[in-house]
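Order as written gives the chain letters A, B, C, D and E; numbering starts at 1 within each chain.
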């Protein structure tokens, strides 16, 4: 099992954001997390990626316990993520934004950072090529030297994905990647996620309210409500689960195009 | 001539310090009110080695910078891990503490009467070369992986961590690099002026360096250096204004902050590419006008 | 009630709005749909005074609207901004009270009660910092906060953004309720289907220009709208 | 371009030749022509390297005013050797770096014959090594003797001191405490980040230990620039049973110390340095009673009183002791120039041999070995009922 | 002696408290440490001096006039140095730099007007000190303690319980949205600067009284206010006061036992220790950033 999350809980001054959450994700698998607002979905991502440390429970990544590790080390071990509210680096161009994710892996020393050693040149070149490669995959090849603020919303999300890819993730966490996109863009994004999952073979976890996306590509869906899991299963199973309908989907089925 | 040379040399020494602050403030977004204290460490440590222990200058200078970096590491420890606002506090407190130590350890430092007896090893050409080297190092640093990581974490620490950036480590590297440069400027100052005292290195000097960084351009190294030149020369040129010159200085800086918020140069850097661009633009301009 | 005539606005070189004219009558829900960057938010920011239009006029209740945003609020226009924009370090209760800034403590107390009835979750959490609420909770808070100022016209910017389907439904029910109270609603949405289903009148904004207008039903059936905004 | 270059070269050449010269060798007669620092034209220029702005501006401005006053007097009487004197002031702003620039200007561009030096030791210390490069004597008042010698104890050729050194002043006060106040237990309060304060404490202490008396400092407390509360420190001195408090600090600090000392119940004598000279007594009010201080001048001297009155009438400001230091030095310079001409090297050599000059700040003789004034007396005053009373004239020796 | 030290420490602490509150108020709203506050204090202390010297008024009217002028200086500072930064929504760095420059500006104004001299502050109290048994406390300290306490209570009440306080806090989180709620943002910010300026003046005048003399260097004490406000928890008024009192006590004790010379070193070490134990400050709440 690639990622094994067991019984994690997180409490914020009395608010039980997540309680006893468990999930396993395997290579190539896409797992969706849905649930009402405030159900603790983002909190799960934050715990897995090390923004918060879990109060209880454990997280195993390829068998290694990463529960208490600092955020950047968890990333290095293979967890890449995007954010619910886009968080790109201002003051850096698009390619530099992606380079930032390469930099921690870059193998030149401090000396190389103040004088142009051959090692530095080689590493910078390698990084740049990788960046261009990833940017091409997400369809941003033509904008590499632009400022990220100038990108349209949908493209900013793609840039975040490219940046996460640069972290060589074994597990990719996508927090509402389709928020704010129109139906056409959601379609394109769906294809991108499927393609990445297939080509790279990483495990994907996806938080999404846009059901057309999450129901379309997830192998498994976990439904959260008030921090607790109220349903797990294939999209079909989940959609027919009365508890899920009551807590999340609502009665008007025709809405979920 | 002597006078201009002296002003120029002191300006170049300032440039080295400002380049150090550039790394810390413009790149990594950390505000130190104690960088001047590291200048003091550079000056005093090298002074003690040379004057009291009869070391030759060069090894003394190197060891002094090294000592600053080691002390910087311990000062940096709490600052890189804590909330950003605390950096100014910790460095300020450190500066005050260091001043107190310099004042108290009279036997070693001369106390408030200052430390004199430095041989005058440093002259204009040496400072010029040192300044050029330092600026080049900083320019390379800016374009390196650490430079990028600094800019990234300046904007968003949480996202930086999520990209695998070891935020405390990168901050520490920026801090120590800055400390090294600043303390080098201290060494040069001491052996050029041949006298230092604790009052030279108060938090206001650190503040001035930060002002220079902003005055020149938010994140432009070229701008920082330019403003170091302008803002060091300005008071010198305004000697005749006496009491009024600081008013003038403050007004100029306030005007720039208010009306040219990105600083004199914004983010523009003096690189061959940009110069070419500038040149081309001018050419295009002339072409266009001649075309009409 | 609200009349926007030939409004243009720009950010530096970027022209966000070009000669936009819209109208909303008392008690109507008027929705504006359009893609990312079409200028929907900019239009609302012009109406609420955060952006100065370069040309054109905005009339409210037959009068030119004042210049400063705070004076516009006094006239009865409230803007619930995109992305909720709750005051993160203030408690829920304080957020609501800030919404009632222009009213007396007594009036606020009554309004507070009403809102807590409408949003029980807010009452439960009233001491929690708004910044730590989930997206949906924040959206409710933002709407409730807007209601605190007894608005005549409410500008809602993408209220369903990032909300769970169930909550989206709730929010839309809420919008209908708000309308039923006699408050005019100007609704900006990406979620075109929902918005068109509810509204009395709708405009389609593209690249800063109005390219289509009609009743909600008309636009729902329009082929071009279907293609561009309904994913069909 | 070319011309200045060659003249510069000449300058450096003369400099090197002079450096190799032994002090006894009389300077070459053609020196005035080649020496770029000597003034020419119809005025004789005297530089004032003073703190005109900044924290210590009160001191620097007073010296400048005294110097100017003397120059005006001399010029009114026909000048020196038929030429008028001109004072060129350069501001140190109380900052070492600025002071160096200011000094370089005076020494290389302004063509002054001599420089009236700064009142503050730190500036003097920074200037001293630099002064070796040029041939302009600096007649200063920074009382730290380190200003006069390099670290190997060799006297800087151009640095001179024109008032008792801190050792001497400290000794005078210590002498008085032992001999006249019969003190056994002394408490000291001083600023640890101020060289002046520290110097006076050192002088005081060394006299105590060398005098062989059984009086000793029972408790000392230090404060720094940002301390506002002295009462805790004063109480510590009182707890140690101090019968005299020694407070060698700046005037503004002395006012606070005197006030707070009296407020916490200390009524005994407080010994202070020059800084308790007028207007201290009038500023500190009743708290100043039983304060003993030293001064370069005494108002009981008619000439001093006359100048004070005149200056007050002209400017509305009070002339302090610094004024008279500046005044005396200009007169010494005028006398010297009358004798040896305006060449700065000649002036230097003459100043080194100065003996028995009767100035308003005492009878001044320069010790050629260390460039300090020898046996210069100071006036001890006591403040009684808000009035300064001159008690005794004292020298350190 | 312990009680005497406590008294002295409280006295020093109350001076720092007055400085720190003005500091904290601005921090709470615009999120920067206003380093021009020290120079503002000096400037208004001189106002107090000249008013009193010119009119011979008693303490209260002198205080009122100085606080009014201090408030106006605060308004002026906001207008020339900070308003544009606010309007542009620039990063907080700009405020910081601007405030240091503004401080330089004020300082040089003071120097131009009064030079480097010292001024003997008028004594408003006929008895300089009050004896309680064997303990003594300066009259000015007692008055200062009282006034700081009253000011603090009023301020906290205003911020927590009144509409204006809520508006201030709302502005501090999101200016645009505060505007949308009908709050006149710049008026609110101006009010904060006015209050902060008035507090600065209060501190300045009391420092003058307490020190008996006044010099242009008074503003250097801003450092103490800064340290106190950070220890207290940035932006928290009551935290700033606790921080200030703590700092005052700490310094007094250190001065008594190890002397003033090394006191800054000890303060620094204690500060670091404190930051490790309670990084959010005394009154700060630790809120985890949410991704």
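As a working rule, contacts are C-beta pairs under 8 Å (C-beta built on N, C-alpha and C of every residue); 3 or more make two chains touch, one makes a residue touch a chain.
Fair warning: this is a prediction, and the values are worked out from it, not measured in the lab.
Any chain that touches chain D and also touches chain E is listed here: B. Most remote chain with respect to chain C, judged by CA-atom centres, is D. The geometric centre of chain A is 46 Å away from that of chain E, both derived from CA atoms. Spacing of chain A relative to chain B, judged by their CA centroids, is 40 angstrom.
Measuring from the averaged C-alpha position of chain A to that of chain D gives a distance of 73 Å.
Chain C and chain D, compared by their mean Cα positions, are separated by 76 Å.
Residue positions of chain B touching 2 or more other chains: 99-100, 103-104, 158-159, 162, 243.
Counting partner chains per residue, chain D has residues 53, 192, 224 touching two or more of them. The residues of chain A that reach two or more other chains are 12, 42, 49, 51, 83-84, 87, listed in rising order.
Looking at the complex, you find that chain D touches chain B at residues 4, 8, 52-53, 90-91, 95-98, 100-102, 104-105, 107-109, 121-122, 125-126, 128-130, 144, 146, 150-151, 191-195, 197-199, 224. Looking at the complex, you find that chain E touches chain D at residues 1, 4-5, 8, 11-12, 15, 111, 115-118, 120, 123, 128-129, 131, 136, 138, 207, 210-213, 215-217, 220-221, 223-224, 252, 255-256, 259-261, 263-264.
Interface residues of chain E facing chain B in the complex, by the touch rule stated above, are 33, 35, 80-81, 84-85, 88, 90, 93-94, 96-98, 100-102, 104-105, 107-109, 111-112, 223, 226-227, 230, 234, 261-265, 267-269, 271-272, 275-276, 279-280, 289, 291.
Here chain A touches chain B in the complex through residues 49-51, 70-73, 75-76, 81, 83, 87-92, 96-97, 99-106, 108, 110, 112-116, 120, 123-124, 127, 163, 166-167, going by the rule given at the top.
Chain E contributes residues 163, 166-167, 169-170, 172-174, 176-185, 287, 290 to its touches with chain C in the complex.
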